[in-house]
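For reference, the structure discussed in these notes is given below.
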Amino acid sequence: MRIAFLGTGHMGLPMARNLAAAGHEVTAWNRSREKAEPLAEHGVRIADTPAEAAQEAEVAITMLAEDHAVEEVVFGDEGFYEALPQDAVHVSCSTIGVEFSRTLADAHDLQRQGYVAAPVFGRPEAADARKLKVVAAGAADVVERVRPLFDAIGERTFLVGDDPSLANVVKLCGNFLIASMIETLGESFALARKSGVPEDVFLEILNGTFFSSPIFAGYAKAIAEKRFQPAGFKLRLGLKDVRLALAAADRAEVPMPAASLLHDRFLTGVATGRGDHDWSGIAGLVAEAAGLD
Amino acid sequence: MRIAFLGTGHMGLPMARNLAAAGHEVTAWNRSREKAEPLAEHGVRIADTPAEAAQEAEVAITMLAEDHAVEEVVFGDEGFYEALPQDAVHVSCSTIGVEFSRTLADAHDLQRQGYVAAPVFGRPEAADARKLKVVAAGAADVVERVRPLFDAIGERTFLVGDDPSLANVVKLCGNFLIASMIETLGESFALARKSGVPEDVFLEILNGTFFSSPIFAGYAKAIAEKRFQPAGFKLRLGLKDVRLALAAADRAEVPMPAASLLHDRFLTGVATGRGDHDWSGIAGLVAEAAGLD
Amino acid sequence: MRIAFLGTGHMGLPMARNLAAAGHEVTAWNRSREKAEPLAEHGVRIADTPAEAAQEAEVAITMLAEDHAVEEVVFGDEGFYEALPQDAVHVSCSTIGVEFSRTLADAHDLQRQGYVAAPVFGRPEAADARKLKVVAAGAADVVERVRPLFDAIGERTFLVGDDPSLANVVKLCGNFLIASMIETLGESFALARKSGVPEDVFLEILNGTFFSSPIFAGYAKAIAEKRFQPAGFKLRLGLKDVRLALAAADRAEVPMPAASLLHDRFLTGVATGRGDHDWSGIAGLVAEAAGLD
Amino acid sequence: MRIAFLGTGHMGLPMARNLAAAGHEVTAWNRSREKAEPLAEHGVRIADTPAEAAQEAEVAITMLAEDHAVEEVVFGDEGFYEALPQDAVHVSCSTIGVEFSRTLADAHDLQRQGYVAAPVFGRPEAADARKLKVVAAGAADVVERVRPLFDAIGERTFLVGDDPSLANVVKLCGNFLIASMIETLGESFALARKSGVPEDVFLEILNGTFFSSPIFAGYAKAIAEKRFQPAGFKLRLGLKDVRLALAAADRAEVPMPAASLLHDRFLTGVATGRGDHDWSGIAGLVAEAAGLD
């Protein structure tokens, strides 16, 4: 398929490369062009604007940091909203808000373009190894059309239903669960350390009892080693995702006190200058509040 | 070895049976004697009092619901404190408080008895299948002496150090992590449900992305199916464990806001008559607060 | 002065009447016209649209329930934005968001109209008795021009500075403080009641020690008597105000955990069907969670 | 009356002096004797031990920092428990736990001594000026007998009922309300400051709208001026009181999430070395978490 790929950062770059490797015709764009250029040697064309990238595309994939970036890339002066052909599909892989996803769905509908929300779980290494998990939602026939792309970037695709924004709900819940685990691991490590349990022993026990899941194991290791830089996923993006989860919960009238607690924790991190640390750095805040180093 | 096994409930019964099956000479006692009697056919002798059970034992194992029960079994009128021979070892497998574990250590030391804290992770089925994880702490030589017993009841033993109470800290942290996951799963399911994500789809995604760990997967399933009875582990015992974690944290001066939140949630459960539900029932409280069924 | 008064609800009606009584020439508008009509006998003209009310006004005062209502009245099809003469002043007395107040300031600036944020503290009885406290902010000369109006509706005016939105910050902080006091009174009454302290004795002690302030004393009485209907100020408006406070705090990067707690409490109230109760009804939720009637 | 006064700190010293001034025969004791000595010139006798002070007393008044201190003074080696004559009354003015107050009641009953819980509201200046508020509970005839003493130290006495521990519940609720107000003032000031509202203006508005109550006004001033030392009431004692409130709530099965939040805040203060600051210093923690100074 002819694909416009918008946003070639840590996640987007390997995703675009895997799409090209699977035989798709990819045109990439990135705000700082130099981050897209390594794709040229994989046969990817580099465009100067989102509109240019999308003008003959069958599918436009966005993989950007936040709602505003997506808004700019879609609706901005150089955005692809009007350039993308009728019947083409916008596949939104970014972790964006539920409301904004609805806005996108409506807007593309007006323009007779398709819209599929397809946020992904997995860190850059998973993107690299085509091991992402894709959570997709949208009109069944449209999802069916773009599904081969999911197979090119991930190892498994889950379908949530017709309403695209439901995929965003699921993604936000997932990030909330991870963030919660970081917080509670942080509190556990603080109690264990201050009580005299050696960190490596505590980590070994957690791995041997709870964490067959590599996601949690990785965070437990970072916390045990107090290694919060460089960031795999920035604390300020963690704050953004908790905000989006709370916004969705507020609108749906679902009190989420653990999410509120996380919000205040991440906000403390950003307000005190740790926005660029890894989001596991909230465990460092927990330790500090306990008077540890 | 000659073992006195005190407390043959859901967990203790299969543990005692496995010890007998491994060739140890077990005398069991339980507050309601009829719960111990099924052990007789496995060659276990049933005693009328803890003191009687322990009088010729090399090891006394306690597996009881809470601090007060252990206190009664050790120091009460019929307790084994004075009956247990010098040099014999009290192995405390119950989930008890950190302070109380220190009290036990001191008391046994006075009496020249050994003391090992060895709380276990695993539900009754794991106890049955000799698949418990044992977290043990105590003087190295004493732990070494009783270690074969751990191999008879579990699949893996972790050693935390010389101070027995550290094993209790680890156990309380572990239960706190599980309880936290239940709360955050509950909040996630409430948001997903109220937003329109089908429960079974959400569960499938969680299992396919996060929960290779069977512990969490089991709770996610119970929450998806809103099935909180009968209790595998009672909500009021969950409250007890969070209280013990907070007591340890308070003494160590470690603020644990997620544990505070859990405390208030479990306390709400008990105050509103759900103390005998499974502790995953706190997810039901979350759903109610969101106006769901 | 010639005044357009937009929004003649519980608060706006007595405010408009007091302005007329002070000799101002008032034209009033309300979404349901019949609520404005009692003003006619006080010499107030009733207009059919905000635009009509404002077309010859020197000052347009808005006293509405929330941001959306103000947005409609200012910028909607029948809104006064273009009708209000140049150099006239919009005095916004509603409790609105900090960001939206900035948007209004910019919009009026474009139109060469003045803008003053002047939220008020006080319940309807205080409005009736000209005992409101006005918290005003805006360009000094513009504030000076409209100041006589504040004297006509309130007993004291506080000036916060040039930036109108600062007055909104102060108002949101004030409502947050009142809501917090309701929550903590609710928790205190629940503990006192369940411990056996008679409510009337507890109330008498609070009044005799802490609450020379009539604001708090009134809420304490309602809680003691469990009388949460009819609403003086609706729980759903309380939720709105906590949301606005949290939005301002989020933008300013100020973690406010007590406000987060209130948010979740009020949201529970709305999600479980109590949105139209008085906002002191959150104390009823506290009591329920404690298993009290 | 012949009074033994145990504990002549900031609060106890002026209370004992006022009792002597009212014509009572006072024997005082303090752990560090030199703190009691200034009382000699007011005709107060200084004793070497609590037992000595109490041996001919009709009333023994305790005014100490915490449960352990009271326990030592009553039941310790030099404690007054056995020295205090039958029919004499122990008046406990300290802020102690509800459970411990019950323990004291039972113990004195065994010894045929009376017991009245009579915690007081007010800072040292109020004690000095005989302006304390006394909250008393106990058997009606016993309370009646000691009531003249309350008139000698305070301006008003509230009677809660027959069960002495109810007075302690009320006192703990009161301190919880004050602590909550400090927290929420701290959050409000942080939002106001970071948004650009001048502190003195914000303080003036609070005083002009909410805080006719001098208690709250005093704390608002301290927060506005960021003046948390020297301590009027130490942060570590604030932590103690929140702990006691939570313990009472836990036992009564009353979830108090705002108290949990305060617990974690005060614990952070103590864990990070601010235990000897004034308890209003938690507002400083709030400001720090917002990245302010």
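First chain written, first letter: the chains are A, B, C and D, and each begins at residue 1.
In this section, a contact is a pair of C-beta atoms (placed from the backbone, for glycine too) under 8 Å apart; a residue touches a chain by one contact, two chains touch by 3 or more.
Since the model is a prediction, treat every value here as computed from it, not as a measurement.
**Q** More C-beta pairs touching across which pair, B-C or A-C?
**A** A-C
**Q** Of all the other chains, whose mean CA position lies farthest from chain D?
**A** So the chain farthest away from chain D turns out to be A.
**Q** Could the interface between the copies chain C and chain D be described as same, meaning over half of its residue numbers are common to both, or is it different?
**A** same
**Q** When the C-alpha atoms of chain B and chain C are each averaged to a single point, how far apart are the two points in Å?
**A** Those two chain centres are 52 Å apart.
**Q** Once you find the CA centre of chain C and the CA centre of chain D, what distance in Å lies between them?
**A** One centre to the other, that is 37 Å.
**Q** Roughly how many whole angstrom separate the Cα centroids of chain A and chain C?
**A** 39
**Q** Where in chain C do residues touch two or more of the other chains?
**A** Each of 253-257, 261, 268, 271, 289-291 in chain C touches at least two other chains.
**Q** Quick one: in the complex, what on chain D touches chain A?
**A** For this pair, the touching residues of chain D are 257, 268, 271-273, 288-291.
**Q** Considering only the defined contacts, which chain D positions touch chain B in the complex?
**A** Touching chain B from chain D are residues 243, 250, 253-257, 260-261, 263-265, 267-268, 270-271.
**Q** Inside the complex, what are the residues of chain C that reach chain D?
**A** 98, 121, 133, 135, 156, 158-161, 163, 165-166, 169-170, 172-174, 176-178, 180-181, 183-185, 187-188, 190-192, 194-198, 201-202, 204-206, 208-213, 215-216, 245, 248-249, 252-259, 261, 286, 289-291
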